[in-house]
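Note that the chains take the letters A, B and C in the order they are written out, and that residue 1 is the start of every chain.
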Amino acid sequence: MASFLVLFVGLLVMGGLYAGLTSAGTASAAGTDDSPQAIAKGRALFLEGCASCHGLNAQGGSNAPTLIGVGAASVDFQVGTGRMPLAAPGVQAKRGHVSYTQDEISALAAYVASLAPGPAIPSAEELDFEQANLQQGGQLFRTNCAQCHNYNGAGGALANGQAAPSLKDATPQQMFTAMLTGPGAMPVFANSTIAVEDKQAIIKYITTIRTSPNPGGMALGRVGPVSEGLFLWVVGLGAVTGVAVWIGAKTS
Amino acid sequence: MTTQAETGPIIKAGGAAADYVDQRVGVSKFLKKNLNKVFPDHWSFMLGEIALYSFIVLLLSGTFLALFFKPSMTEAVYHGSFIDLNGIKMSEAYASTINISFDIRGGLLMRQVHHWAALMFLAAITVHLLRVFFTGAFRKPREINWLIGNALLTLGILEGFAGYSLPDDLLSGTGLRIAQGIVQGIPVVGTYAAMLLFGGEFPGNDFIPRLYIVHVLLIPGIMLGLITAHLMLVWYQKHTQFPGPGRTEGNVVGYRLFPVYTAKAGGFFFIVFGITVLLSALASINPVWLFGPYTPTQITAGSQPDWYMGWLDGALRMMPNVEFNAWGHTLSLNVLVPSLIVPGILFTVLAIYPFIEQFATGDRREHHLLDRPRNVPTRTALGTMSIAFYMLLWVGGDNDIIATHFDLSINQITWALRVMIFIVPPLVFVFTRRFCLALQRRDREKLLHGYETGTIMRMPSGEFFELHAPVSDEERAVLLAGVTYQPLELDDSPDENGVRPKVSPLDRARAKLSGFYFGEQIEKPTAEELEHSAHHAQELADGYARQLESGGAPSAPSAGDKAH
Amino acid sequence: MSHHSHDLEPAAHGGEHPDNPLAPGLPQHKLRRTDVDPRAAKRAERQISLMFVIGTLAPIVFFFLYVYIPGDKLILIPFIGQTSASNFFLGMTMGVGLFCVGAGAIHWAKKLMPDVEEVAERHPIRGTDEDRATAVAHFNEGVEDSGFGQYKLIRRTLLGALAATPLFAVPLLKDLGPMPGDKLRNTLWDKDIRIVSDVTLNPLKPSDIPFGGLVSCVPENLEKVEEETGNLNARAKVPVVLVRLRPDEIRAQQGPNWDYQGILCYSKICTHVGCPTALYDQKAHTLLCPCHQSTFDLADAGHVIFGPAARSMPQLAITVDSEGYLVARGDFTQPIGPSFWERG
């Protein structure tokens, strides 16, 4: 019983620390309009478009997680990339058509943020990656991200039909909020483990490589040797074999 | 030759040079015999040439790369013109590869030429091997050349993997990590073998310099020797040819070495070289600067080998996790079986295949006329079965790319493949054999009854018949070609004293194998049958003509109607 | 022009196939347009020469392109995008040049060189009985002269010497690498070694690790060791991942309370063939290897739930030091990475 109590207290302390850590982020949330009007508008939108799955008080349902404590960042990512509202129940929410305007997304975010402290939408300063260290970003990307999203951010397969999405269309803010909140199967990379300037470096690296030129010619999808092999068999061997057929054909 | 040509200035100058060489080397004796050597012409005979020319392209581009590449694992800090990696720690091998790509003009082109040519080399060897297999070109007297070809394929795969591993980028290092894990997992000697190969633990400081000398000297040296032997044997034994009019087991029909074959083969070298360079101008291959330098803590999704290693990777992925621990020792069948045992068996069976087939046929004759694949249904079916097996492993090696591009689950793909690998190849075998026999049946029909023209004629007597056109002489030569074997029967009937002769197990095995190969086949029409059918056709035509003469009006041919 | 010579048969005389008595001779040779129409032949000559002219000019153009296109110049090419101008134009010039030389030669052979197929007889590959007898006689004579059969002692000692010669290589190859010893059983992890994030090398407190989080880590002493040894051997064995689960989600661990407040530390090196395994699914608490897709359940003591790996991912017992930073409680209790024979 005593050990249980100690554990319980420990957990409480832990939870408090965690909440404190993340709420520190909330306080500096320049990207969120947390006025009562915004919250009210967000609640109205929530009841209309989200509550059927997430519950009237965002407490979650049988098919949907609770949104209490997920923070504004999570709403911004999920709704801002069109993952929510979910197009169809499936293994994984996918980037899709964005159903809400930026104002509406902000209002929804404000409402969810008002429920409990959670990761906030990064401020403009936090998102400013111009001064970040590109090379360090590459190292961090290859250590923390490439295992799922591939060396070029092209995405890759995960277990049981899930996939790490391509980062081709992700905005810096979406990359940032994705790291903060860990949507879907993705783990959370909080500011305590990957600091803001490291996140900026990663974002700088991704935005650099995904538009980087292909000095060698066609990129072939940048998925590695599989597409190269396919290209060789179809185009390369196809071309030389075609010439061989020409050589062997009778001349008329 | 005309007298004008003999006195032309080119011939004159050439003559002086030839005279000089001949007096010292005696080259005229060789040229007398070989300049008018005849080579048969067929596009599929050039597949091996693609491999040969790719090899030359590899030697040329590889020599260029060797001038700039530093095969060293010594740590360097990169400060070249590729800004993304500026100030990053890496090996000198990787740094020099980045330098070749960005700071040596034409270096990227040569790197890409080298890599595309390597993929082309192994693809060409593969299709060349399939051509030789399906046409029976490995039969006596060419078994030794088959073995040399097999050795070249194996060495080519090793050589390719070594080249893939040298730049020390994240993909190549991951490949080496896997190779090291496989070696380390070999029973009894694995731990020691891995330590000796890598100069200690993975990755060490030694492996890339060691791999380099293997890649640029040892393996290519052996390959060069084997390729020379391969070509000398082709030269000496003369090339095989497809059956056709005028082509027999005793002759070669084709064009002379000089000038036609020289022009075509020499031109084809430039074509293969040119197309490889064009590929390198147009399509990026192995962009190592995007992968980053190798470090054992990093990995990228889609870590794949080049295509020729893909089947081995697939086998590793598909194998269930079987491992035994007993008496303080570990036996990792999950690594050993897919990476060493299965490929070992496959390469061994491939190498000894000509001897297996010869054992079944008992045929010791030379064969210079190629088989049409349909005429040897069991061999053809074994071939397509092996292709199916190989391709399933290939799919296994690409399952993550397939999963993301076709919205599938890697788990489901792997489970499906684990089942399909046992079911699909036998089905392909059965289907191919049936298909070959059906084609043989059609050939027989064609020989006996000619083509169905689709034209229906009506006899004035009211009888319908379809006009059949006899096959041409040329086609008949093709359709009749091929050796028909009878399955070997075991003769163990009792002699006059009622004693059964002893049959050795070897003979029993031979009879079984022979039955497997030739138990079911369609007999080719005999000379009598052919004569009879020709006679019958003549009778039919005569009868028609007679009826026409006797007053009946010919009915208009109505194309399209099929007689039953 | 004549194509006959003493060992070439004229085309019409195709021999008979032993299995194919009805096989006809070679088909009638058909004349090509270039054989009958001098204008077609002239046209072919011009085409061939044009290809050779391109083949001649290409290296000259290549030379100028090499000199005048800077190596870092980029250019936008349709279907390719931004690409290196140098690579593109040098490659196109060289490729087209080589291709034209080849195409010219082949076009020449097909259009203007003789296309009458010729027949050469095959000769038996084996030597005649007489050749064989002579060869055998020569060989026997040599054996006789050498006394190879006579001097038994010489013969045996020679064979012994030849068999022994390769043994020189065995000790020479021994120094290729050290003996395994217990190298595969130890890593840098030890009691009170701090767990720091990879790349940034920050020590971590439990409160830094969020639920659902993943941190790729190395031991604090790695950098120093790497500087001393100059290789990556230590790095290949130490990578770990830190994840945090709610205590009720943890079903099993490899040792009692090896976690710290739900923070679990597992090796990142796959037990199959050694790839870094860091595809962490924070919902399913599984670690997936991108090489061969072994999947480890970190909530259940790192057990393999899919794929070819046979052994669980080794767990590292952790705690915090006096300053509250996460540290190892000792080294791994089992070898990390791929199996080996002596592993047991």
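Just so we're on the same page, a residue touches a chain if its C-beta (ideal position, glycine included) is under 8 Å from a C-beta of that chain, and two chains touch if they have at least 3 such contacts.
On a predicted model such as this, the values are computed, not experimentally measured, just so you know.
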Distance in touch steps, counted as few as possible, from chain A out to chain C: 1
Chain occupying the most central position, where position means C-alpha average: C
Pair joined by the larger number of C-beta contacts - B-C, A-B: B-C
Distance between the centres, which are taken as Cα means, of chain C and chain A, whole angstrom: 34
Length of the line joining the C-alpha centres of chain B and chain C, rounded to whole Å: 19
Distance between chain centroids, defined by C-alpha means - chain A, chain B (Å): 46
Multi-chain contact residues (two or more partners), chain C: 80, 84, 87-88, 91, 102-103, 106, 110, 115, 198, 216, 276, 278-279, 290, 293, 306
Chain A residues counted as touching two or more neighbouring chains: 139, 143, 147-148, 156, 158-160, 164, 214-219, 243, 247
Touching two or more other chains - residue numbers and ranges from chain B: 41, 102, 108, 112, 264, 267-268, 271-272, 275-276, 279-282, 297-303, 399-400, 410-411
Contact set on chain B toward chain A in their complex: 41-47, 49-50, 83-88, 101-102, 108, 112, 116, 119-120, 123-124, 127, 170-171, 264, 267-268, 271-272, 275-276, 279-287, 290-292, 297-307, 310, 398-401, 403-404, 407-412
Residues of chain C defined as touching chain A within the complex: 30, 32-34, 74, 79-84, 87-88, 91, 102-103, 106, 110-111, 115, 197-200, 202, 204, 206-216, 243, 247, 261, 276, 278-284, 286, 288, 290, 293, 295, 306
Residues of chain B defined as touching chain C within the complex: 1, 36-38, 41, 73-75, 81, 102-106, 108-109, 112, 141, 174, 177-178, 180-182, 184-192, 194-206, 236-238, 243, 245-256, 259-260, 263-264, 266-282, 295-303, 313, 316-323, 325, 328-332, 334-335, 338, 366, 368-369, 399-400, 410-411, 414, 473-474, 476-477, 480-484, 527, 530
Complex interface listing, chain A residues touching chain B: 134-135, 138-139, 142-143, 146-152, 154-161, 163-164, 205, 208-209, 212, 214-220, 222-233, 235-237, 239-241, 243-245, 247-249
Chain C - residues contacting chain B, complex: 2-3, 5, 7-9, 11, 14-27, 55, 66, 71-72, 80, 84, 86-92, 94-106, 108-110, 113-115, 117-122, 125, 173-174, 176-180, 183-184, 198, 216, 218, 230-233, 235-237, 239, 268-269, 272-279, 290-294, 304, 306-311, 337-344
